[in-house]
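One chain, chain A, links the two complexes that follow: it is found with chain B in the first and with chain C in the second.
So, the complex of A and B:
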């Protein structure tokens, strides 16, 4: 019998095999993305935000100015309470600063008129908020059941070995932090790995050195 | 089209646009027959829409299989209070990977489903709650929502009618428990995603304390087809108790893993042998988890006669859940995989209920000990005892879910546990 069939390791679009979907990160993060049509009472558009980080992080970035301010204001109109906007606002803060420090939590609390303790309670509940700085690339390897059946732990080991780090630690050059994550909802294409915002699917231990090289050279 | 694999026995309804990037635009979707369900909904009115969905017998695809039409009819009559529709796109049940595909290949199908559902229940605001990891899927979704607004398919006076429905894409920040309906509501309000005690039920007091209905992505994706063609039409597939088609997410040790849309009631062995090309590398089958990590494991004996519908899998001693079929071959170390699942629940427990908060890490420890060859036979009794204490005693069923693989694996694969306990090593290691 032949070896298990698998899609060859390449990511033509976002998240694996998405064919011609060729937006770049720059495209999707542009200001036009949040829409141009403010309407009475609220902003009728999609204004989502993402709890991931840019490769270039600025822990001292202002909350918020320029296009980020615009996105924040649009987000605020999409929820009936200020508190409802908390998670999208935190997402925006992390996208900009790379992690959510206690100071960031306080600033976000002030922006939305919430108690700091409430904001801290929320931040620490969610795994995607980095409570301390991480490397330029946050490598998240799924080792849950379907991936575990298809070499999940070996892929995790390969990442640790080739980056020379311990689990959760950042490599000396500041490039890589490797962590283990729970199911990424890509179980049919194991092993699923998320690096910053992007999914890499069908990753096997042997693919790891080339993947790291690609990150160093191309930034994604 | 070769999305990644297709099979001739599939009935591609909700997955018909998988692998076809042109269907992501509003025009592309219209060309493929899109938004006719919405037009028909506006013609026949909200009550008739609910009747069609009831007639179709559609059952919730988020795991519990509750009849969708009935759930919708629990919503109070539209009045002064706002009503909310929530689309559950938090997909995080291990083994499940269908909602992400529905979103990233066919976002307008989901928008159409949300609009019809919101219209039927007098809701003027639909939130689509995506898990935080879904960056690409949320991009696709956000673009599609923008386009729908631009072209008059969302927002004010939809299609020139009197109907206003807002659609908001909301992205979470990583927590399995936010997939539980009331946990999702708390999360959407900016709180920790801790499930709420029921009653009150969401149809009375939901998100922002308002009447709320929550549906899975796949449930809502089927709605436009049902409303366009009628409930009876949908019943031509599936069984009497489980009508329609379902996406089966097959993962693990099969030649061709992936999403396959099949009529409910499809035989399990034919799914594995025929549709998925058999167990990988010509190995033999040891166990199948038919509905994601929260349901009991099945052994080969259970699989043989099992048909994949709600009642069929139940008769075989497990649950259909989200139809996430995880296949394990004869080399699989069952104890290790069960430990990995329980470890997941320990990580994801929200911590409100003692049996769950304390039980899940404790079970993980005991399983680790057995795995390392340091267990005793009485550990098995301890595990069963803990499982009993964790079942039916907590606010949500995460705790029960953690116990399910433990109990079923001890029942069906006791000899594997014993081999580790007595031999210190399994007979055959991968």
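So, the complex of A and C:
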């Protein structure tokens, strides 16, 4: 019987750049999966997929015009009913405006020919729709079991302290909104933090100031 | 039709294929507790209260959507099924405020009933309850979020029946609550009162009925809605001789389980206290109150002497018996024209999910009955005007039930004999020689003929005011004494006289009309009108 393979003490996963490993996203995911998706959603099959979470949002953007209109029309063709297209359409509206306001719900309802009440029901059911405006960076800190065991609450506190905000509020400079979320499905690498569409894993309370500084200077 | 035979709680029952277990259990008199299931709406099977134990099934089955199968053995009343309901009910009470003492639903609340019969005697919760407070949905509807059991019957009613989906479930988990689109409310829906009826708990309550009476103090009298010619079957809920609310009574041929807000909200007039309570006769020096025994014989004498033309004004709010007795009297004293006036709306308001039911244009319950008796409608859509010819009458003038609100004070002053029969004082009837008090539909029994020419019975819900008598009795007694015959002793007798007179009612028998009414003999006409 051979000896069991040695397991390295540090398992990097994809932890952003922790300093120990200098991996890029392309290294981890392979070049096939890296790159910008076109704003109009590319192929119809990809159009309704997970939205971009853009740092720059325009709450007054028109629903929809230009490439977004194209993408909306592609979404609409993918579903037999208007009700089916509701969630991807809301994704698109949030991508553009940063949050789903009552007015946005009404507009989406009109676009799809649904009742406004039903759209409100859907938006409020899903926690990933922002019902209020959020900052340039939406920081979602996991405090579910694995992350909680690894000081998730302390990481959350650190984010709140260093951004100077309350939970769910936006910092005065409009840069950061910190919220607490349930499992981000990164239990192997706690504490998991999602900032806009990126994951930051193995985050410790002490990492927070540098992380925020990097966001301020370089974006995501 | 093929059938299946199964065993429920040890009883064998045979039902048509496709019957749900819930209905199969009903067949043998077993009520499976349920919230989200309603016979007229889709069944989402989400309340988890109707779960039953099916032998061989891997887990409990929701009886509202599980179809009965041949040879199934189902338990609803013991073991697993009972334990499960106890558990589900405990969950329902986690955030329930238990404010039964101030809740209007108390006494007719399904949560109260089920917890009393099968729930835990003591709560085990130690955490504070979440609190929503209440929300005004507009119209007559008030929402108490804390009492809600999230059965979504109201959401499905607005979606499937009213087809105006203004209600939805907002948020999720223990924050889930029924709401409209922010402050939009029910948008003046014409059918919103029904969501109060189908709410199994006190979450949706009527503002009109709010804190007015306890459910167990109310008497329920089967009746027919008097507010349009649809003739929805209703229960009149009264306490201490006061009508407190109207509730729809199920009739699959007329109104299903529903009634409109227009009809539901217009009952206050039955409680009016300005009533004519004594028969009055005009004497030499003014009004006399001779009592019925004095008034009727002297009126009979006057009627015998009258030789001029006869005019009569009836009301489409009067029962068939009343109108039939009026017709008979008019013919007895020489015959003449009978007209009626009734309000008419500009359009019908149908219930899209149950198109047989609509708030009809005719805003009176018995326009069809009046027409079958050869009376014809005069005046405008606001029930005014049209009486010029009648007012100028110099012969006999009889007014039944029309308050003559738009008529001048000297209405009927040229008539040789002017008889006014009404429930409420009519200032325009001051020239009358006789003013006789009659009961409203809520104080007498009788029948209305609805827009489908369906004859439907109603029962007395209130005591008559003072010495008021049903018009069929007053008019029938007059006709009978003029003819030297016995007077009709009951509404049934009065109806059989009517059936002999009107060919459409020929085959109808008062007792056989039952609680749901019977279509008159005009099948072709009925089919065309639906």
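Assorted remarks:
In the analysis below, the second predicted complex is superposed on the first by the 171 of 220 C-alpha atoms of A that agree within 3 Å, B and C clash if a C-alpha of one lies under 4 Å from a C-alpha of the other, contacts with A are read in each partner's own complex, and residues count from 1 in each chain.
Convention: a contact is a pair of C-beta atoms (placed from the backbone, for glycine too) under 8 Å apart; a residue touches a chain by one contact, two chains touch by 3 or more.
Model, not experiment: these values are computed from the prediction.
Contacts of A:85 after superposition on the shared chain: chain B is touched, whereas chain C is not. When the two complexes are overlaid on their common chain A, residue A:125 makes contact with chain B and with chain C alike. By the document's definition of touching, neither partner reaches A:170: not chain B, not chain C.
In the superposed model, A:149 lies in contact with chain B only, and not with chain C. Of the two partner chains placed around the shared chain by superposition, chain C is the only one that A:106 touches, whereas chain B remains out of contact.
Ranked by how many residues of chain A each touches, chain B and chain C are led by B.
When the two structures are aligned on the shared chain, A:115 is found in touch with chain C, with no touch to chain B. Shared contact residues of chain A with chain B and chain C: 121, 125, 127. Taken together, the chain C residues at the contact with chain A in this complex read 165-172, 179-182, 184. Per the touch definition, chain A reaches chain B in the complex via residues 1-5, 7, 13-15, 17-21, 23, 28, 33, 35, 37, 39, 42, 44-52, 78-81, 83-88, 90-91, 114, 121-122, 125-129, 143-146, 148-150, 182-190, 194, 197-199.
Of all residues in chain A, only 102, 105-106, 115-121, 124-125, 127 touch chain C in the complex they form. Residues 3-5, 19, 21, 24, 82, 91-97, 99-100, 104, 130-143, 145-146, 149, 154-156, 166-176, 187-193, 208, 249-259, 277, 280-282, 289, 293, 324, 326, 328, 332, 336-337, 340-341, 344, 347-348, 350 of chain B touch chain A in their complex.
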